[in-house]
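As structure tokens, here come the structures.
Okay, so chain A shows up in both of these, paired with chain B first and chain C after.
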Partner chain A sequence: MGAMKFRPRLLFFIAPAATLYTIFFVYPLILTFLRSFTTWDGISAPVFNGIANYIEMFHDSVFLTGIVRILIWAALAVVIKVGLGLVFAAMLRGRIRGYKFFTSVFFFPVVISSSAMCLVFSLMYDKDIGIINQFLDGIGLGFLQQSWLSNPNTAFFAAIAVPIYQDIGFFLIIFLAALQGIPNELYESAWIDGANSIQVFLRVTLPLSLGTLRVCVILAVTSAFKTFDYIFLLTGGGPANSSQVPATWMYQQTFQAFRYGYGDAIAMLIFVLSFAVSGLVMGSRSMGNLRQRPKRMDAEGATL
Partner chain B sequence: MILISYAVLIINSGSSLIPILWTLSNSSRSNTQIFSRFSLIPEQVSFSNYASMFANSNIWSSFLNSAVITGLSLLLLLVCVLPCAFILARFKFRFSSTIYTFFLLSIFVPNIVLLQAVYQLFSSMGLLNGRYSISLVYAAGQIPFCIFLMVAYMREVPASVEEAAIIDGASVWRIFTLIMVPMSRNGIVTILILSFVSIWNDYIYALVFLPQPDRQTLTVALASAKAEYAVSYGLLSAAAIMAIVPVFVFYLFTKNSLMSGMAEGAVKG
Partner chain C sequence: MRTKRIFTAAVAVVTVITMAAGCSSSNSSAKNSSAPITLNFATNLIGSGASTSAVSEQLIKEFEAKYPNVHIELQTAAGTALQSLIQLSFSSDNVPDVFNFWRPQPAFNMDKYIASGKLGDLSSLAAEPSVKDLFDQSAWTTATVDGKVWGIPLESFSVPFIVNTKVFAEAGLPLPTTWDTLVSDVAALKAKGIIPWMVSQMPAEQSNERLLDYVLDRELGNQKALDLYAGKVSFKSPEVEKALADYLSISVNAGPSDASALTNNAAIAKYFNTGQAAMMLTNSGYLPAIDKAVASDMKVIPFPTIPGGAQTTANMEKDLTALMYASAKGLADPNKGPVIKDFLKFFTSHEAQTLLANQSILVPAIGVKGDPASTSTLFVDVQAQSAAAPGDKWLGNARTPSQQQVFYPLVAQAWTGAFTATQFADQLESMFHK
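And then the complex of A and B:
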């Protein structure tokens, strides 16, 4: 690298990307930030109102419960998506028989669009023909049957189950790549030392995939913060705002209530939250506590 | 232990496949049959639901819209990303790392955050009337991540190749087109596949920017089909399958690059 001499006219190579990116990415981000301090209906001129939008957010009960919901969602996403992804990856690491089949099948839902997936699941959740009610009936739990997406108690969980279900394969693939990078000798010496599968998982697999685990936690949490499609398509935030999250509330405030300034403030908050979580997880030492195991590993890689 | 693993893996395969198989089966059944009982195997193979879906909805034209928009976006993306990544990967100059960081910072910005500002920008620039102008947004949205991946790929090209070309008197443009682009084709395939999936599957931007029925993309048309054909379950199943089949074919051909690309992208990002 660096064998060629740089001349200013080579900046033309950068120009297309920089132009497009500045106009349609950087500039809108700045606009969003500035307009979050205004009252604006999208037609007349924006009126500066200080931090009134941000103050309103903290009195907006729909928004606040929305924050609680995305925190629950993030927790479930980490436990289920990341957890199952890691467990499945640990099972498939040794390229057992059927490896190709399982990875292909698990990963396929990841590439299906949110709108196709929501269509499939709105049929599955259907009160009359849905596979879920019929399954409950079949195993004798017929009394649990209901219309999952229109009952305020179940709508939110029914809706977030779809992206959680769909993403397991994504995390599986990430962990699989990480686990296959762990040298086989570590596993072999653990087996020779008489460790069982659970011990191998806890003392070899888990500590050695901490870096990946961190990235996966960030991805799972931020996806819960920013995901819009599934809630919007399956419940629209309803019934009676019972499944509203900040992303859908922002859409409603902006494009239906025409409160652009307030919508921008919510958008900024989603950005700040995602950014904060990324920084927090990357910089955290608390997750490093899990790492005590490898320190006590001898030169051959066996845990002591 | 291995038995437990297999049991778990098989159950999960079932949960991955059954929703799609069930929809596939229903797409071939009549509403009466769907109501009467659950079945993963249709009573008959019939395409009447597909026929009436094509006759009564704009699924086909929206499919074409999606294809053109995605194609244009990917083209635009390559035109922007390849030369830019080339310069950032192979040259050291005063602001090179500043420019690189400038592109990277936004990987953390969720696209939903920019939705309304971009919408306002589009309407003030008069771009909302354009059939395919949404490609600009899609390409711009993919640029940061793709530059990041391409720079990594282009840095792996050995310097000796480049030096040999310089000795032979090749210009920067020739080094770019005849050496760097061909030698980083794995990276190009990766960014194309990943960007294809995210652009083809986008819902929210297409919904806001292209509300007119004749301009809808496939994802938006599917969602509006649900409102329109509320209880025609067979027809809705056919629509869902219609959206899944092209993705499935794409998946069969690109599975391996897709998996390694996603894993790589996530970990490096």
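And then the complex of A and C:
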């Protein structure tokens, strides 16, 4: 079967999607980029100010600590969301007893809206009536009780725990679908050869799901970079900017401080960061090497 | 002959058409007066947590009943979120026909809205005797910018100092009627495990700076304190650092530990109504949140003057806080314009002001006081003190919206003891001093 021949009339079929993409992504992106070089209050005409917004950004301590926070968030997201999603998928792949029940239970938080989750967790985190503090008291760890969302040391981690917990099910489903495509014979061969569970995971499951893993890592990282709603609803970036991330800072600068140009500059940086990370992961030589067949791998991909 | 017949027919047709046009235009005038009109009303007066919700909904229903062809389409936003909604509406040239908003001052970006030409000039409406005579000159002065009236007064505010007398009595402490007593009371309350101040540290609530405002006003005088935030006076002077030190002495770790996760209403319900907090210094708009069952335990007292301070009278921060505005486009519309004016007059009328006052909301209308049976002795006392006390302007008038975003989190940090007075002065200096 040869390669598909390009026919100009195919453009007719992609035109609607391309038009929508241009209107709702490309045009706003260009506008945001241009406006990031202006001082603009949203009402009067924008005034060109060169790269002043970008210079200010790199002297803005709130923004810079926000960058550190989203890098931490991204790392935790990859390890917990993607890692646990893969591990749970590997466990459920074998269609153990109650497989459907566990899959549903893990996936259930995914279908709940972020605002509902934030409401539930804000009650759970409450200093006096929250179930977390009551649980800690109940197991003799009352000294760990806190006002989780009001303590500058815990507010950020308490806030990001919500999306990290919520999305495990999402990645579980993705990995479950990917792992279903791995032939059972490979696992049987591994068991026959005496491999234990961890060896099977590392030598069969992981290599053969690397393509999916790569996509999931990009999704987890870019989600951490741009997520706004959880921080906004749970802490608003507080207390005292201790949970501020670039997305919420961008919102505050744009819609509350009425500094649209500066907010646009922050938005551009979030975009560039996400793009860079995506490119890094997709083009990663080490990940590419992992995808290459090891020298000792059979025709169907299992490591020998 | 044939030409004559054609000409006659043409004249007849033209005559009929002309008559029909004349009739239809007069008919459409009549129709227009009863043609359906939709007024877009953007407001934070309606919604969960808004004490003005029931009154506002009642007023809208009454207006729609009075004007059957008018439908009020609501755009609601909670609290200060209305500022973002109005900003977006001005940016997108989609200003609501009517909206309530804060004072026409730069602190609320109103200077830009006025300059945009999209905000309606209400000078002619304000000149009508039934409107003009309802409010005193100070309210009209606040509503006027560059000789034009931009809003019709709706609500006032003051910042009363409210203490829970029952908490003080049970703790065996005197009421903080002097500065020295206030300082000793705060320390004693903390020692007894009672939270001295009910306060929300949520930046969006814009209320954690009230105590700082009062101390700065007492120590420096209102105008100098305004000049501080306007960048005209340095924070690094000995008298300002002394004022900040005095402020920190009564504020550090003196609020609820979860204050940054609580709105004002939630903090009042959780701490003030339950007797866990002893004092409250916040916008009088939150008075309705005080449980009527415990309001009799509350007392409003003047915030004490500070020995050696510039202010020797017990001034109170007070001003107009909400006005009704209209879009220029709506006012210019020949059908909508008159309806908008009628709605503004109706919503700020003596009757409407009375309804608001009965909900324990301070109103600017002359001679309107809430019914004590509907409000509380506390509200009556707040009204009386607000009327009698010399007024101070809110210090936030001198801050820009951009500065507010950094200021409120900074004050929240100060409440946790993150700064010494000198460090706090350094932070404020870098933020405000030009």
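Please note the rule applied: the second predicted complex is superposed on the first by the 265 of 304 C-alpha atoms of A that agree within 3 Å, B and C clash if a C-alpha of one lies under 4 Å from a C-alpha of the other, contacts with A are read in each partner's own complex, and residues count from 1 in each chain.
Keep this in mind: a residue touches a chain if its C-beta (ideal position, glycine included) is under 8 Å from a C-beta of that chain, and two chains touch if they have at least 3 such contacts.
Remember, predicted model here, so these are calculated numbers, not experimental data.
In the overlay built on the shared chain, the residue A:49 is in contact with neither chain B nor chain C. When the two complexes are overlaid on their common chain A, residue A:238 makes contact with chain C while staying clear of chain B. In the superposed model, more residues of chain A are touched by B than by the other of chain B and chain C.
Within the superposed three-chain model, A:122 lies in touch with chain B and with chain C [touch as defined at top]. Once the two complexes are overlaid on the shared chain, A:199 sits clear of chain B and of chain C alike.
When both complexes are overlaid on chain A, the residue A:222 reaches chain B alone and has no touch with chain C.
In the superposed pair of complexes, A:41 makes contact with chain C only, with no contact to chain B. Looking at the shared chain after the overlay, A:258 reaches chain C, while chain B stays out of its contact range. Touch criterion not met for A:145: it reaches neither chain B nor chain C. Once the two complexes are overlaid on the shared chain, A:20 sits against chain B while remaining clear of chain C.
Chain A residues in contact with chain B (one complex) as well as with chain C (other complex) are 42, 122, 126, 128, 255.
Interface of chain C with chain A (complex): residues 83-84, 87-88, 90-91, 109, 112-113, 115-116, 201-204, 257-261, 270, 401-402, 404-406, 409-410, 412-413, 416, 418. Across the interface of their complex, chain A is touched by residues 1-2, 5-6, 8-9, 12-13, 15-20, 22-23, 26, 34-35, 38, 76, 79-81, 83-84, 86-93, 96, 99, 103, 106, 108-118, 120-121, 136-137, 139-141, 143-144, 147, 155, 159, 162-163, 166, 172, 175-176, 197, 200-201, 203-204, 208, 218-220, 222-223, 225-226, 233, 236-237, 239-240, 243-244, 247-248, 250-251, 255, 258-260, 262-264, 266-267, 269 of chain B. Interface of chain A with chain C (complex): residues 41-44, 62, 122, 125-128, 147, 149-152, 155, 235-241, 252-253, 255-259.
Listed in rising order, the residues of chain A touching chain B in the complex are 1-4, 6, 10-11, 13-14, 16-18, 20-21, 23-29, 31-32, 35, 42, 84, 87-88, 91-92, 96, 98, 101-116, 118-124, 126, 128-129, 131, 134, 165, 168-170, 173-174, 176-178, 196-197, 211-212, 215-216, 219, 222, 225-226, 228-229, 232-233, 247, 250-251, 254-255, 260, 263-264, 267-268, 270-271, 274-275, 278.
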